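What follows is a single structure, and I will ask about it in a moment.
By written order: A, B, C and D. Residues from 1 in each chain.
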Amino acid sequence: MSDNSFGKLFRVTTWGESHGPAIGCVIDGCPPRLPLSEGDIQPWLDRRRPGQSRFTTQRQEADQVRILSGVFEGRTTGTPISLMIENTDQRSRDYGEIARAYRPGHADLTYDLKYGIRDYRGGGRASARETAMRVAAGAVAREVLKILVGPELKIRGALTEIGGLGINRARWDWDETGRNPFWCPDAATVPAWADFLEGIRKEGSSTGAVVEVLAEGVPAGLGAPVYGKLDAELAGAFMGINAVKGVEIGDGFAVASLRGEDNADPLRRGKEGQLAFRSNHAGGILGGISSGQPIVARLAIKPTSSILTPVPSLTCTGEEIDIRTKGRHDPCVGIRAVPVAEAMMACVLADQLLRHHAQCGWNLPAL
Amino acid sequence: MSDNSFGKLFRVTTWGESHGPAIGCVIDGCPPRLPLSEGDIQPWLDRRRPGQSRFTTQRQEADQVRILSGVFEGRTTGTPISLMIENTDQRSRDYGEIARAYRPGHADLTYDLKYGIRDYRGGGRASARETAMRVAAGAVAREVLKILVGPELKIRGALTEIGGLGINRARWDWDETGRNPFWCPDAATVPAWADFLEGIRKEGSSTGAVVEVLAEGVPAGLGAPVYGKLDAELAGAFMGINAVKGVEIGDGFAVASLRGEDNADPLRRGKEGQLAFRSNHAGGILGGISSGQPIVARLAIKPTSSILTPVPSLTCTGEEIDIRTKGRHDPCVGIRAVPVAEAMMACVLADQLLRHHAQCGWNLPAL
Amino acid sequence: MSDNSFGKLFRVTTWGESHGPAIGCVIDGCPPRLPLSEGDIQPWLDRRRPGQSRFTTQRQEADQVRILSGVFEGRTTGTPISLMIENTDQRSRDYGEIARAYRPGHADLTYDLKYGIRDYRGGGRASARETAMRVAAGAVAREVLKILVGPELKIRGALTEIGGLGINRARWDWDETGRNPFWCPDAATVPAWADFLEGIRKEGSSTGAVVEVLAEGVPAGLGAPVYGKLDAELAGAFMGINAVKGVEIGDGFAVASLRGEDNADPLRRGKEGQLAFRSNHAGGILGGISSGQPIVARLAIKPTSSILTPVPSLTCTGEEIDIRTKGRHDPCVGIRAVPVAEAMMACVLADQLLRHHAQCGWNLPAL
Amino acid sequence: MSDNSFGKLFRVTTWGESHGPAIGCVIDGCPPRLPLSEGDIQPWLDRRRPGQSRFTTQRQEADQVRILSGVFEGRTTGTPISLMIENTDQRSRDYGEIARAYRPGHADLTYDLKYGIRDYRGGGRASARETAMRVAAGAVAREVLKILVGPELKIRGALTEIGGLGINRARWDWDETGRNPFWCPDAATVPAWADFLEGIRKEGSSTGAVVEVLAEGVPAGLGAPVYGKLDAELAGAFMGINAVKGVEIGDGFAVASLRGEDNADPLRRGKEGQLAFRSNHAGGILGGISSGQPIVARLAIKPTSSILTPVPSLTCTGEEIDIRTKGRHDPCVGIRAVPVAEAMMACVLADQLLRHHAQCGWNLPAL
């Protein structure tokens, strides 16, 4: 069914449940001879790792990744790269309620409706824990892009809104995103978010957020007509991240109220004669193909469904019940979505790069 | 590359350029023995057909679809269904400027950057003309859904905003969408839109819009974990429609400012004991799998890039030029996106239905 | 389902039934800017065309191919190439018996068992007529290989055995294959085959045959481990040709009685220092990857199932019946399988070439 | 690239090298709620395990399989099933020669030509060790077939020829295959094979063989036209097994010398009115679709390339060298190919079963 794979040529298949013995992924199609070690992957996992501030789940996982295949003497061999992380914090606990009732907003109900069975421990396959493997695959994709395109290709993400509190874009500072627990690019907004989230956390509530991902230095020509469009694949990749309910490219929903004159990105020659756009309403993609401008995407993340306020629901046998979701949860799951969104961007770009090369990367003889 | 195919089991491959001899598609995987004739497809194409009001392009195409294979004595045979529409209005004209320069906002530039060649006539493969085949494929998908699920499955679309002018949702009337040239569900909004668009048209400008698509009667269980998520596939399908810059499922970007309590969809038993949600913030999808609630999606459509105001651009040889795009264009391309969005919804649902059946549609013996 | 597509990056989807209005194919993933016209395809179709001697079916088809998309001003554009051939000889006839009974050895029965419906006219989708589109796609693949690899890559096929009468390989002459109606490379064998087949034809019987296909000048490195093996994909492609019951690579079934010493292909340096094998038992493929030696494959073709001798069978309603298959049939369908086998070789090689380029065709910086 | 995956709906991806820390596979698309435990898989691995007689390699591997995901409380959940076997016998040894030179007949050379790098330890990814995961996946496929079709579906394999010594088919006894180290179905042939192989082994030579695989109780209707043909997929699956050089279905290459009358499988009604074929030249497949008769396939396996007789070859730096391959090898690798061929048959049938169900497994309303 390939329902657990993404990418066509840089193909990632993930497996594993939240409370099984391990989670992992297999990456097929990676070019050979690229330097790769666990040390290239671990730092990206560490950025996503839970339990690093009081604003994310207190689950403690070492998240130590192992490379089990596809790398020999420090280089990729072109064969499948198998990555695995053992689950260490499978806290022995009483799954009583989650086992016998449906937490509203979670996939408990729909997994049961679909499969007639579910691994209820920690959400099983539907747990955000699975996204660790996307981050690991994204780290490999970053290596591919670094070697095959160059270090000028940069993928970075930030949180631009929490619970209706937006940043001031004029103060955007990428360095700042690494200095606070929110990936916030605007230092002046950090205290307000901290106050707000502290309140949310204490109330046992949760809040939504907006993530923005930017890819700079992307070569022109990635993507393809109709169903291989770069923006279409990004939209699918982002909407497939847990809790995402909306995706925008470039101006996004703001285009609905724009006129053609305001949405146009005029084109001129730059100082060295290169293409130079005067604006980037398109978010770096025209007709589904990258133009060389920065690719800009935004993701809307819903508030974590696990809250302390009781919500009406049903048990698996159909009795009415009110559920309060206790446990180790994120007041704003959007925070941990930032490294995941970056990783998906990296995977999609690596895949599109190989696909573009396959079809168009030929030095044709003069014909 | 499969870049011109979508769907896994209900698989649609489209081909053709705006001004070539014909456009077409091949549908592979359709179940056998379903009644199907050209009469089931043509009405949907007629809804999308241009030139039906002064608010859409004046290109005149009969858009007569022919079934070339896969149907025998009025029923599908399980073999590939080939559909074709001949292009009749390939107006002989001077392609001078479009051939030698890049229209801002169009795919002219990126096709050249990618392929080093492009069929410039009417946008070639990047033309919205290609979407006629999506509508045709969508019509077949509707037949599949009608037989395999039932007539209670309904897919309908509407325009809910043009140029910042939104409808009043309290006045929503599906019947009204068929009575005005905008697929507007709110009769009281129609005159305002007509005035506004008439102004836009006269100025040679264009405007953005928001499309909403609703699928009711969708069985629970469609979709899959991780990369086969129903919302992820819908997002990819919608973002792949020409001019779409944003996609939302359920509450969409509004979730960013919601708290968990406000985003929850409480669950109770209905009068006949069935599942009954008290709200539908999720838009009918939980954990990537349909819950049985209506599926709700919105698409942001950018203003047509073809406008009369000159916009700075470059010729193919790199000289600076200002471009005014004359010709037969839509002041609001969002209008014609409605039937296309409905068709993509139908295709995705038909595909997911077959996939669900393949894996989960087994009557297991008591084990 | 993609059951009517082959290839991953050079992807061919065929459609059409024997007696429908047309047959066709869509080729997706072809590199852009390659010269291509109908004149590059038609000669290959003419080689396969029936009715050219008394040893093949007397069905008369012009088999005029049209390019409907993907080519602009004589060059490929990188978008899907749609090819179509209209069926002209849909002789109006009485399908009485074929419509209501199962011809032994044909797919009539199994199509009905699978789909519950079949287009019985001329075998419908199961007709060898479909292979015309494989030949057309193969012609495009040959253009891809000619430009991207060079004219030294040559794909040629021959018939090496008919009804137990083998050729003398010592007399192999490729030029001879074009001079007789059997693709026989051994002039001295031609009269014997002609006599034998004339007898078969007069008796209303049929006979099996062996086809050999050779690809010379194939670059080393095509193929991949495990399931993308070049020999595995060739075997699938060849076994998928109508009436094929066996496939061999290199020494094929003869290896069963060989010792390791006899099967080894010793390796030395040639005069210019290049790799030089002293034999080619492997048929040009080691570990699923091309070695640079000629690729050698053989296909066993069963005798046409349509014969005048009555064979016991059943009607669709289950009554016992004896069937004599009248009509226009090939006494040795192996003859017409030669161009089809060549075409499949070309398609598989073009596909593997693009796949190899995608993963391994990178000039890595010194690392 | 998916070059390490097989199957479309029952999709298996394998990973791992001979001397890496582990090998494994991920199975995606398995129906939910099927009973599955390591105890269902281990016995099949034990049958394939090396070191069980003096006629197979003396490598000692426990081959203990672990299920890491996709199974909960003894049943499949519909999510990816991850299987892993740790490599325990990675004997610390001197890889000197294999590291710096190309063993004739092995993939050493072509891996280097393709990837520019190879894991030379024990053949790396090209090692027959990878086939352990095919056997594991095949064991899961057998569970799927057992539940979804029934225990009457039986897949069994045997060795029918070693080094030119064939069995007497009149003495075929399936029980016998489990009593000797050769999977030989003819007890009277066993001593001759033992003598012959003992000689081969002592001389440090090797020999080829023929494997036959039979699948009984396969439902009619599996397979599909053109490229999803059941025989085509089987041919690809079998040719992809290490050392296979030929594949036959039904009468195979013998058809080349048959007449239509001799190749026909007459059809009659059986005692209970069912379809009853009088012969099975077709090997259970007509037009690429199963007919309900037993599916019969044969595979030709080349002699192991690792022999003690020196064979001319080259070092990686191009110097001429003569290679004797010492180490723990199989005198007849065909023996261990039997369980692998069975497993591939099981995987292909499980995949085709799900695909057939997806498209044709609908109870249509009376139309």
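By definition in this document, contacts are C-beta pairs under 8 Å (C-beta built on N, C-alpha and C of every residue); 3 or more make two chains touch, one makes a residue touch a chain.
Per UniProt, the chains are A, B, C, D = Chorismate synthase.
In this text the structure is predicted, and so the values were computed from the model without any measurement.
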| item | value |
| --- | --- |
| Subunit C reached from subunit B - shortest hop count over touching chains | 1 |
| Both-way neighbours, i.e. chains that touch subunit C and touch subunit A | B, D |
| Between C-D and A-D, the pair joined by more C-beta contacts | C-D |
| Between subunit D and subunit C, distance of the C-alpha-averaged centres to the nearest whole Å | 26 |
| Separation of mean Cα positions, subunit D and subunit B [Å, integer] | 45 |
| Distance between chain centroids, defined by C-alpha means - subunit A, subunit D (Å) | 39 |
| For subunit A, residues that touch 2 or more chains besides their own | 1-5, 8-9, 14, 29, 32-33, 75, 78-79, 114-116, 125, 225, 355, 358-360 |
| Of subunit C, residues touching subunit B in the complex | 1-5, 8-9, 11, 13-17, 20-24, 26, 28-29, 32-33, 66, 68-70, 72, 75-82, 114-119, 124-125 |
| Complex interface listing, subunit D residues touching subunit B | 9, 29-35, 75, 78-79, 147-148, 225, 354-355, 357-362, 364-365, 367 |
| Subunit D to subunit C touching residues, read off their complex | 1-6, 8, 14, 102, 104-107, 109-111, 113-116, 125-126, 130, 161-164, 200, 205-210, 220-229, 231-240, 242, 244-269, 273, 275, 278, 281-283, 285-292, 300-307, 309, 311-314, 318, 320, 334, 355-356, 358-360 |
